[in-house]
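Chain nomenclature is as follows: A, B, C and D, assigned in order of appearance, with residue numbering initiated at 1 for each chain independently.
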Amino acid sequence: MIWVQLVNGLMEGMMLFLIASGLTLIFGVSRIVNFAHGSLYMLGAFLTYALVPLIGPGSVAGFFASVLLAGLLTAAIGTAFEMLALRRIYGSDPLMQLIITVALVFIIRDVVRWIWGANSVMVPAPDALMGAFIINDTYYPVFPFVIFGAGLVVVLAMIGIIRFTRAGIILRAGTDDRGMAALLGVNERLIFTGVFASGSFLAGIAGGMAAPYGDVNYLLDTTVIVTAFIVCVIGGLGNLYGALAGAMLVGVTKAMGVLFFPRLSMVLIFLIMAVVLIARSLGRQGGPAR
Amino acid sequence: MTTDALLSARKVRKAYGSFVALNNIDFDLPRGERHALIGPNGAGKSTLVACIAGQLPGVEGSIMFKGREVARLMPAELAQRGIGRTFQISRAFLQMSVLENLISANVIASGRWFSLSKSLLCEASDKAGEMLSTVGLTDRAQSTVADLSLGDRKRLEFGMALARDPDLLLLDEPTAGMSIKERHHLMELVAQRVDETGKTLLFVEHDIDVVLKIAQRVTVMVRGGILATGAPAEIAANEQVQAVYLGGHH
Amino acid sequence: MSLSLRMSPGRWAALAAAVVAVELANRIGGPGMSLVLAEMLILALFASSLNLLMSYGHMVSFGHSAFFGLGAYGFTLMVTKAGLPVEAALVFGPITAALGGLVFGALCVRLTEIYCAMLTLACAQITFTVLFQWYDFTGGDTGITGFMPARFGMTEANFATLTLVVLGICLAAMARIVGSPLGLSIRSVGQDRWRAEALGLAPRRVQLAVFVIAAFFAGIAGTLFAVSQGAAFPDYAGLGFTLDALIMVVIGGLLSFWSGVIGAVIFSQLRHWGPLVTDHWGLALGIILMIIVIALPHGLASVAGKLSRLLGWEGRK
Amino acid sequence: MITRILTGVSVLALTAGAALAADAIKVGYVTGLTGACAPISEDGLNGSKLAVEMLNASGGVLGQPLELVIRDSQTKPEEGGKQARELAAAEGISLLTGVCSSSVLLAVTEVAKEFKIPHLAIIGSTQKANIEAYNPYFIQTQANATMEALAAAEYVAKKSEWTKIAPMGFDYEWGHTSVDAFVGRLKELRPEMEIADPIFMKVGEQNMGPYVTAALSTNPDAVYAAVFGGGLVSLIKQGQSFGLFAKSNLVTLLTVDTLQSMGNAMPKERVFGVARAPFFALEQTPELAAFIEAYQAVYNEYPTDWAINGYDSMMWYAAAATAAGTTESDAVIAAFQTGSFDGLKAKGLTVRAFDGQMNAPAYVGEVNFDPSFPFPTMKNVEKFAGEALMFSEETIQAMRDAAK
């Protein structure tokens, strides 16, 4: 059973990574704490729900195609938001950027409820994905492995981004140097838009991938966002590999926690986060050299 | 180590990863001396100052101040022990007026930062008033730091550094961005103040004329090490110095 | 408008006018209005406490509701568990919150900027979870009810007046702090911790002090809120209240003593009347917020500031 | 969805429009139109609206029309309490109802007590409102959560082939009280039954895998889950891929809304559910038929348990007020506590004055795919009479004292 639980943990971990990767990417490059990330995730789930029946219901290919398309649509919406609203206030206090993303949370939640109602919706998934391998009477569900695969693809894509794109350079250039992009002589705005788009895309496909497994309702946004923050913080905001590690840590801890100390399950991850942050604070940080 | 030294550093080393910013620095600073640090950009002048002021973690070696080891202390403790400094890129409380900046400095200097008493505030503002005139900013008292010229900011910072009446005054490029006239004026002011109060001055300066005029001794730094130390005249005469320094600097 | 609070005669006049207006609305608006006003004033106090932390200490908190909740429960539990008379229990709300501020603050000030903010979030979520799950002690999600008549049984109008008075006293206290040497130290560390440190100030101590003070006032707000509802629920420590307060302070315009109050007035009125006007309140609120943020990057206080300057109420800052 | 709401509103406007001329009896309707309760709150509201239309169409109550004054609690206790308080203080309402979620229910109960206004519970069903937090203005018009759990226990006890049970629930008051009640009653009925340690999961948990795995690790014959809404949906969907329905059975809360949401994703068998008012399993009276028809005409869907609760409670309020000959609170409460009430849920129901609990039945059945409905329903539905499920007054008194 430990093994099934481990699978559960890793699957949740990868799921969390799918969610957190976009958030941490956006923060790492644009220094924006995007409260609307959970909302984009939810949007991705509902768009998948809308698309699957149109694009081959029941077929595996159809499902993935729908998820991909949902991701793209989410990215489009994210980009529109970035260009119409966010971009106008890059100069001003970061808190303003925070509040404007909170505003987007309100909007998306209301619109989603307006279009799809308040009830949970069922995203039909091909049976091929929802089944299980049965190894001496223990069920190993297929879906977690699907999620895992999807996660790996994203990880590879991420490594690509970090290695070979300018956004990646900025990411690597270190978290605290905002002037860096300027020094690199690249069009910061273009990169910010691109990064917000890809972040939204990741949120969208994460929502789409998870949709058939869990329940999809218009309150997913808040459920998701806090956990996503925790994962990013544990991994170090703006650090994609960290996010991966953090996600796995949280996922596995949660799953194992159910077995060993169930009463703690809810606080557990917050405790991890707190511990990580406090540990981070133990080192003495230096002042300005000049 | 010389007993009359106010500050003496031994084998001070500071590395950022593979880059060694300071390499086994030995450095003595007698009481009451006006000492200049010169050298090309990136020679480690500001790093040395930051080390002395306790801003940098992971500093190796020993720094004795008033006969006590201070290498591992936090900046606040060092300030309380009598080290006052200004920064190369001037630092002040940007959303406060010049006067408020000086008042804050004096409140902090009083050691009663947690106080609610109006009287302390009055004392602080009286002192601040005097300082305004000392550094010649009386007419700018109400303007916010953001509106100040670079030169005026330097004056303000100098004034703030005086709040604790420190035994050792560290000035990192105090005259950067000033007109020649301003430079000499400010540094004469500093020198005068230091002599009157019998304090010690260590300053980083690029303007050779100012250095020759103000400093009693000069230390030349290059690539994280000390090239030469001596009276201004000797330093000026030193070919090595001329080579490196004039070569390295503008 | 600025951090250093100078009350010109014009400002006093404006303040007096505002107070009179509120009390008038309270007396002629009927009990419904009184309830709305009472809530608005409590939120104004809560937001102002956060403003102290943000505008003066330059620390962002994603977990300020923790202290609101601790205030409410500190008070409530003293009644239900310790069996204190309600009036006596009141003082324990703010005290509990301040203690919470001491503990959380001690952890959070070790970190800078976003990480500090994130740790406050973790602290608040832990607080919420404990209140939500510790069923035997805190009543869990169903909270604590029936331990006192709501508002001590005062009439709605009188209670609103009471909250107005409390708010007044608390703001006066905050103004006193802001204008004191402590206030200057707080602003110094907030604006340039390295400069402050080089002057001999240990930044973390100061930041901890702000945390405790802000938590204390948030605790008063929380206690008042519990009194107004005659109940305490874990939600008081939830993300919702934190976000509300953040929105209030930011649209109120950072870097002003009045941000919290102005933001609370606008936001709570919007939120109260909005849903009665439209079915799609969320959409409307979102759009309104976006417009405010984009049109007034310095918040509503900046408008108030310009206005008062136009009217010649305040000289140059 | 949109159209549904609009038609609902417009019909209400049409019928109520004329009546509103006379000074109306105002009903304070505080419900979670947004937040966790949104799905079921809307159904309850739809049912109540329909009742109000019918009543007003036939001349209203005591010659006065009924008017619903609707407020959104956002499923937050402080918001619900505030809204209820404003209605009570400013709108001159004669009744409070509509509330969903335990915490909001208790917040509103406080307001009802403060302003001495009858408070009819139609969705929220924590036993706290009957026990620790009870006040004489509270009336629970449905089997409360504990009674439902007891009904589940009674049902499970009859399954002689089941010898191992694994209980689980959401980690909050409803989950814990339900699991405790279920386990307690089951131990009485089947002392030999092996009952695993209950497992509790975070409210709103998305990934049920770990919990299902843990529950199945004890090889139970059935899993009892005090879980509802989205969580239940996740549990059932993910349970399938963990072999929950191959190896075991699931006993949980299956109200019509859940059955509708699950649709074909619902396993074909081995799912058992408790319900409050499943229209397909109720006594098929002409009233019920008429209601279903009217409901479908307006909202073009089948009425959920909550819709029926919303309808019944408004009708019962009308009956009580008529019997009392006034809308004055104490008289109405007295009428409730002395009268007998026929509804769609059941007939001849009475309210126990001691805790305001109506002896409403709970229904337990087994999932079934009946081609005549577009969603799964239940078969072999057993009706458990309220009396059998209600705690005795002594027990309640003891619990009240203990809570002090």
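What we mean here is this: a contact is a pair of C-beta atoms (placed from the backbone, for glycine too) under 8 Å apart; a residue touches a chain by one contact, two chains touch by 3 or more.
These numbers come from a predicted model, not from an experiment.
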Fill in the blank from the handout: The chains touching both subunit C and subunit D are A
Practice task
Would you identify the chain whose Cα-based centre sits farthest away from the centre of subunit B?
Solution key: D
Practice task
Could you put a whole-Å number on the gap between the CA centroids of subunit B and subunit C?
Solution key: 42
Practice task
Report the inter-chain centroid distance for subunit A and subunit C in whole angstrom, where each centroid is the mean of the CA atoms.
Solution key: 32
Completion exercise
Separation of the C-alpha centres, subunit B versus subunit D, in whole Å, is 74
Fill in the blank from the handout: dist(centroid_CA(subunit A), centroid_CA(subunit B)) in Å evaluates to 48
Handout entry: Residues of subunit C touching at least two other chains
Key = 132-133, 194, 197, 282
Practice task
Could you check subunit B for residues that touch two or more other chains and list them?
Solution key: 55, 74-75, 87, 91
Handout entry: Residues of subunit D engaged with two or more neighbouring chains
Key = 34, 171
Practice task
Provide the residue numbers of subunit D that touch subunit A in the complex, in ascending order.
Solution key: 1-2, 34-36, 38-39, 42, 171, 199-202, 204, 206-211, 213-214, 217, 229-231, 233-234, 237-238, 240-243, 246, 257, 260-265
Problem - subunit C-touching residues of subunit D, taken from the complex the two chains share - result: 5, 34, 72, 76-78, 81-82, 85-86, 89-91, 102-103, 106-107, 109-111, 113-114, 126, 128, 132-133, 135, 171-173, 176, 203
Fill in the blank from the handout: Residue positions on subunit B within touch of subunit C in the complex are 53, 55, 74-76, 79-80, 84-85, 87, 91-97, 100, 103-105, 107-118, 120-121, 124, 142, 144, 160-161, 163-164
Practice task
Could you please specify the touching residues of subunit A with respect to subunit C in the complex?
Solution key: 27, 33, 85, 88-89, 91-93, 95-96, 98-100, 102-107, 109-111, 113-114, 222, 226, 229-230, 233, 237, 263, 266-267, 270-271, 273-274, 277-278, 280-282, 285, 287-288
Exercise for the section: Sort out for me which residues of subunit C touch subunit A in the complex. Expected result: 54, 60, 107, 110-112, 114-115, 118-119, 121-123, 125-126, 129-130, 132-133, 194, 197, 239, 243, 246-247, 250-251, 254, 280-283, 285-287, 289-290, 293-294, 297-298
